[in-house]
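Shown below is the structure under consideration.
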Amino acid sequence: MRRPVTRELAGVEVAVVGVPYDSGTSYRSGTRFGPRKIREASLLLWGYNNALGIEPTKAINVVDYGDVDVIPPSITDTMQNIEAEVGAILEAGASVITLGGDHSISLPLLRAHAKRFGPLSVVHFDSHPDTWDTEFGGRKYSHGTPFRRALEEKLIKPEGYVQVGIRGSTSGPTDWQDARDMGVRVITMDEAAQMGVPAVINTVRELANGPTYVSLDIDAADPAFAPGTGTPEVGGFTSHQLLQLVRGLNGLDLVGFDLVEVSPPYDHGDITAILAANLAFEFLSLAALKRI
Amino acid sequence: MRRPVTRELAGVEVAVVGVPYDSGTSYRSGTRFGPRKIREASLLLWGYNNALGIEPTKAINVVDYGDVDVIPPSITDTMQNIEAEVGAILEAGASVITLGGDHSISLPLLRAHAKRFGPLSVVHFDSHPDTWDTEFGGRKYSHGTPFRRALEEKLIKPEGYVQVGIRGSTSGPTDWQDARDMGVRVITMDEAAQMGVPAVINTVRELANGPTYVSLDIDAADPAFAPGTGTPEVGGFTSHQLLQLVRGLNGLDLVGFDLVEVSPPYDHGDITAILAANLAFEFLSLAALKRI
Amino acid sequence: MRRPVTRELAGVEVAVVGVPYDSGTSYRSGTRFGPRKIREASLLLWGYNNALGIEPTKAINVVDYGDVDVIPPSITDTMQNIEAEVGAILEAGASVITLGGDHSISLPLLRAHAKRFGPLSVVHFDSHPDTWDTEFGGRKYSHGTPFRRALEEKLIKPEGYVQVGIRGSTSGPTDWQDARDMGVRVITMDEAAQMGVPAVINTVRELANGPTYVSLDIDAADPAFAPGTGTPEVGGFTSHQLLQLVRGLNGLDLVGFDLVEVSPPYDHGDITAILAANLAFEFLSLAALKRI
Amino acid sequence: MRRPVTRELAGVEVAVVGVPYDSGTSYRSGTRFGPRKIREASLLLWGYNNALGIEPTKAINVVDYGDVDVIPPSITDTMQNIEAEVGAILEAGASVITLGGDHSISLPLLRAHAKRFGPLSVVHFDSHPDTWDTEFGGRKYSHGTPFRRALEEKLIKPEGYVQVGIRGSTSGPTDWQDARDMGVRVITMDEAAQMGVPAVINTVRELANGPTYVSLDIDAADPAFAPGTGTPEVGGFTSHQLLQLVRGLNGLDLVGFDLVEVSPPYDHGDITAILAANLAFEFLSLAALKRI
Amino acid sequence: MRRPVTRELAGVEVAVVGVPYDSGTSYRSGTRFGPRKIREASLLLWGYNNALGIEPTKAINVVDYGDVDVIPPSITDTMQNIEAEVGAILEAGASVITLGGDHSISLPLLRAHAKRFGPLSVVHFDSHPDTWDTEFGGRKYSHGTPFRRALEEKLIKPEGYVQVGIRGSTSGPTDWQDARDMGVRVITMDEAAQMGVPAVINTVRELANGPTYVSLDIDAADPAFAPGTGTPEVGGFTSHQLLQLVRGLNGLDLVGFDLVEVSPPYDHGDITAILAANLAFEFLSLAALKRI
Amino acid sequence: MRRPVTRELAGVEVAVVGVPYDSGTSYRSGTRFGPRKIREASLLLWGYNNALGIEPTKAINVVDYGDVDVIPPSITDTMQNIEAEVGAILEAGASVITLGGDHSISLPLLRAHAKRFGPLSVVHFDSHPDTWDTEFGGRKYSHGTPFRRALEEKLIKPEGYVQVGIRGSTSGPTDWQDARDMGVRVITMDEAAQMGVPAVINTVRELANGPTYVSLDIDAADPAFAPGTGTPEVGGFTSHQLLQLVRGLNGLDLVGFDLVEVSPPYDHGDITAILAANLAFEFLSLAALKRI
């Protein structure tokens, strides 16, 4: 969106940060180019959000902070960098919209946000719960485990945590139940389709209270709308539904946002990146509405 | 659709005309190959339209007129050629279905049609209103301005002009209001989704009276259904909705049609061209139903 | 799905068989690589089917039988091979899920199944009825004719035969009526959209009685969801609708399945293959539910 | 090249004929779209051949005859159609340049030409000898066997038959020797690279005497230059070498040409089709030089 | 290459300027995205040029000036902007490397450079001479005519003008002779292949004297090496040859550079953009070597 | 090549092993799908190697061992797995041909081979020396450092280590000199082009003595021949040159092979995978020739 690229944080209200990391991925890699491509696709956007009635880049001070320094061969080093850099931005008083990268980056992001805002409500759009205990033969950190870790570390308030769009096959009958047993409200895709978008929004709004973090895995959308992703899952949301769901968060106490798993090598005609850029623009509009 | 390619107009009832022009485009070019690819995709079509109950190429005399001679480096020369060539076909008594090309071509098309039929009602499917005053730093002719020019030139009756599918971000809060202030009925995508397709059709039918021109920008469809276009806008119509909307025009006094902004270099599996060919087939069926 | 590749049939309950044949195709070829690509996409699947509540590969004994030996230059030789090889598997007491290949393979598959189970009910998801009499200038065997032949050969009980999703242009006003005149229940896409998915399921369940064969042409899905196919037809089902429709068959006396017309060269991001792998997984789950 | 499409043969000197058949293919299909795409790519060509000093479409009467009627499910029916249609054109006194399609079509083409001109010398550019005895488990007709059949049927004079560019792995040590044992001069790619292009041309010119037919399989080119083909073979000719080789045939008694195995679904940026169109233009120039 | 983006010219020695204009194109458009993609591909480059022994961004002060403001619908307005903006940079004492865009932009670039340096020698790598008199039915400005105009306007010294790589079919026997008749030295691709790269370099160095401008159309490379271009021409240079040719210019009095006709929509794996970025890096190294 | 997939090593002479790891990559990821795609492309290969005169799968006992278990988020865990699994195969007396994956995997491979065979001669085809000290801000393990580590760990005999094809820009003037200072013979691409392939082969054969390991980074080939790779470098070898170079190793005491950096998401028409499969077939033939 042609925002200035700067690391000067004085007066900044929202910083857009890229995390080009994809070594936490179990299937297709390529999300390391997600931040670059989403930024490029954002050139298609104009400034005024008609649905939410705001021109965020005029209403508040937004900058493109550039990318966090990632270390592909080491997830632990990368997580430290993310937590440190994003933590510093939050300390400076700005909100952060993070563009991934694979979903493993949400753990250090939640750490940084919880450190500043305390335990968080989380609205999590995804086709997978990402609450496995371990992946890759016992490893605790990957793109399948961040929310389990975050619950264990008490970064998330379970009763304020809602997952939307979960679907597909699982490793066994308890994968989704595991999340529910931890106190998470899991709205599967089938439930969401049955309830309709407005009812889903109402449920989310009832659950998310206090400082709320939003994490959106682009594979919440159906592969027809978002082919460029690591682990596509058929039977998902349309782009229109996803836009409505995100806009429905307006008014919550939103303190942070991430948008992950955009994988340009598997995209075509840039439609995934364009959808992601639009969703990031909705995030930006929500952040602006909260600050004005 | 394997129609004879000819410029002989005696007895012709509908001429399909290509305008391979894309220099009016603000973002992705490539629509210059739209006419060729839509024709190729039309080879997939059979002759009988089950939804409308007609076999248009048997019911009336249809020809492929070939392409208008375009001048990429000059929009004014190109517009003159379009108006002159299409005007001559209309003079000969045939109806024209034009395959673009970018949306700037609608202005000379409207000029040619208004010259023959008087001020027109217009049904305009699009994600963008294309009623900007200027683009590219003050230029009056581009793919963002044709309908503003057409209203100024009184080619269009504002009260008979309805836009369907408008959505996305804009340069400011007044972009859509501008069109409304000129008397245009703007049905945004969000309104259309709320109303449902049958109600949209009813609204259109109430407004469009007298000689009616149909302009369809393929970006009215969601990028999942039409990735091959210049300025894709997420959150749009499905192909099924778009087919229903076009068929809903049956019975109006339809005098002309254009289908624009198909950009093959950004298409894949030809799905955009195939959708466009089907929509053009619906246009042809509507034209045939009016003439029999 | 990482099943063992074997031709040993002792104790096998379901065999997945590939038929990489595409010479019966009228438009785009390439379905010869369908079986390979669907198998590869199945690596994305986990074992447990949450919607149907079963882990089929644990519940029953499933093997990957590999591919039938096909003869691209000769459809009759190929049909003989298919009927013989699949017939032998059925004789051994296993059920077969066949991955195509073009739709001409359904005729020998129906022959093999009818030989074992008697005349069949058929649930046929498709955009085309495939009940032409001849194609390619009088040829009786192709991907446009298998169900006409099967009706003539009394492999199918007409009153138990239902087609779902039929749409698009046809060679004349009688194409769909022809099928109806043979006693087939044709639920067009427009009817299905009007009825809603649950009502379609009910209709299917009322009609299909006794041993029932399921044939799914991936072009039942809209090209946005399944671009990788031979004769894409716009205005089709979403992936979510198709999954629901297939799951709705649970409880019928399902004796065989095929999934055809996946053409990888026209796919992108593998979304068609992934959808097909998911649908095949639903078939497998249905087969398992019937056997336990 | 914008030549008139016609089946009127009076006065025609060269007819360009398409054979969109790909069921003789062992690996990737898709060559059925070769003729269409090569024609489209020929729009990039201008009329004058600087290397050979002739403007063929002005020097002689050239038409686009359109496509032979092919029957994908039956190679024997297809071969009959090819032989009959091309035979009729030759009878009318025109030369034929055939655009394939897979290499199995060369057999009926050689039959038609030998019927008119007697046993032929053949210059055959290819990475594979295509002189297998059988393929697909004993079948005599496929894209791996046409030249064996043609030798057996004495359509080709073995001593006037030269293969250029043969390379890659084979089913055994005798594949190439088999051809040599039949009297064919096999210039492998490694030999050609060692000899240099001018020496290869000299050898070809010494061998080819009397009426000479040219068959060019696009996989003679390296996959970098011609990725869009059925069975790509690395280590091949550059486009510059191939153009030189073809031009080097000027002066021979050239009576027929085919260019086969262009498979658009595997092409990108149309580079294979553009190379093929250029090679066909060289054929046309050679045909014209012979007739003037 | 991660150079600062700035329009401050104080102390700047080389400015890289983009001209995203493609309305002068006769065939494939898309070069409007050339500058963006070449910049992105330049991220792959490291700073030190081993062949020329210089690290240009350390040796001299290089900036990314961003893009000239282009007006797609009007070539004359666009040419004025180019001449004015680049002229201002030259006035400020910096050298300019321009990334196109189509080849029509070379005319205003030559105007700006000739205004500052007087009549220019030109080294022009291309497959087409671009010295037509008119294109698009009489238009004087397009991507086929800039060098004719530049010769007429005496921006170029004919005796110092050498074209390298010319090939392909032409509109008639005089296209290349026309250039020669104007005094230009035309080294066709066939000549270059015969002479060898070192001899071509020697010829160029003998001819180019005084202030010398370098214009490189990426279609000088073979389509295998540069598929992403508007009018690909088979039989061209390899990337290795092209790099050698450009490096061979070291020591000439080089005053300006352009690199045009990179069309990303037709590229794949970004290989054309990567080649272009490397060639631009050679230009930068040459510019640096001249200034130190 | 349809070899049996097994982990039984009794009697095995060559095991083909995949290492689908790409987290050591600095630019494009995606090489994790290299092993799968190279295996798929190997289906195009026939068994007999005409250039080397051997049918390796008949001459010796070859198996497909499958993939090493990799841990994307941790390079150190992954390296341990590689060293352990490959070490066990070597212990069992088999030779290993490893398909990567990124180049970081060569370090554990060299460790395993040196453990069994002592310090190794290495023939290393690549465009980059991969002898950096650190990458990613001080990390010692990545795809840019394995050969530095291997030299430090004395796994490689410097005087027996030759690099072929080095080219492109570097971080400074000493990158290549660093390797030379460690005693490595660096044959740059420019030198190789000047020397010619036979002279390069002779130099390699003079240097490599005793047990020799071959490491081939597919980016040794020009991007036109191998677009599907992580860090493409223009100006490289043709496929024909690369085949000749590899065959030229016949007769050396070859004890191990790897082929790395094939990245399918950036490939097209599978040409990179097909080239890689052919090169692996040459490796297999060399291994067979050594054992018989």
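Chains: A, B, C, D, E and F, in written order; residue numbering restarts at 1 for each.
In this section, contacts are C-beta pairs under 8 Å (C-beta built on N, C-alpha and C of every residue); 3 or more make two chains touch, one makes a residue touch a chain.
From a predicted model like this one, the values you see are computed outputs, not experimental measurements.
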item	value
Smallest count of steps, each to a touching chain, taking chain D to chain F	1
Farthest chain (mean CA position) relative to chain A	D
Magnitude of the superposing rotation for chain B and chain C (Cα, nearest 5°)	120
Copies chain C and chain D touch via same or different residues, half shared test	same
Reference interface E-F: repeating pair among D-F, B-E or C-D with over half of contacts shared	D-F
Computed distance of Cα centres, chain F from chain A, in Å	39
Separation of mean Cα positions, chain C and chain A [Å, integer]	38
Chain centre separation (chain C, chain F; CA means) in Å	43
Per-residue overlap in chain A, given as positions that touch at least 2 other chains	222, 224, 238, 266, 268
Parts of chain E lying in touch with chain D, wherever the complex brings them together	27, 167-173, 175-176, 188-190, 193, 222-224, 227-228, 231-232, 234-236, 238, 266-268
Interfacial residue positions of chain D with respect to chain C in the complex	22-26, 28-30, 32-33, 69, 71-75, 77, 104, 136-137, 139, 141-142, 265-266
Contacting residues of chain E [partner chain F, same complex]	43-51, 53, 55, 222, 224-225, 238-240, 243, 268-271, 274-275, 278, 281
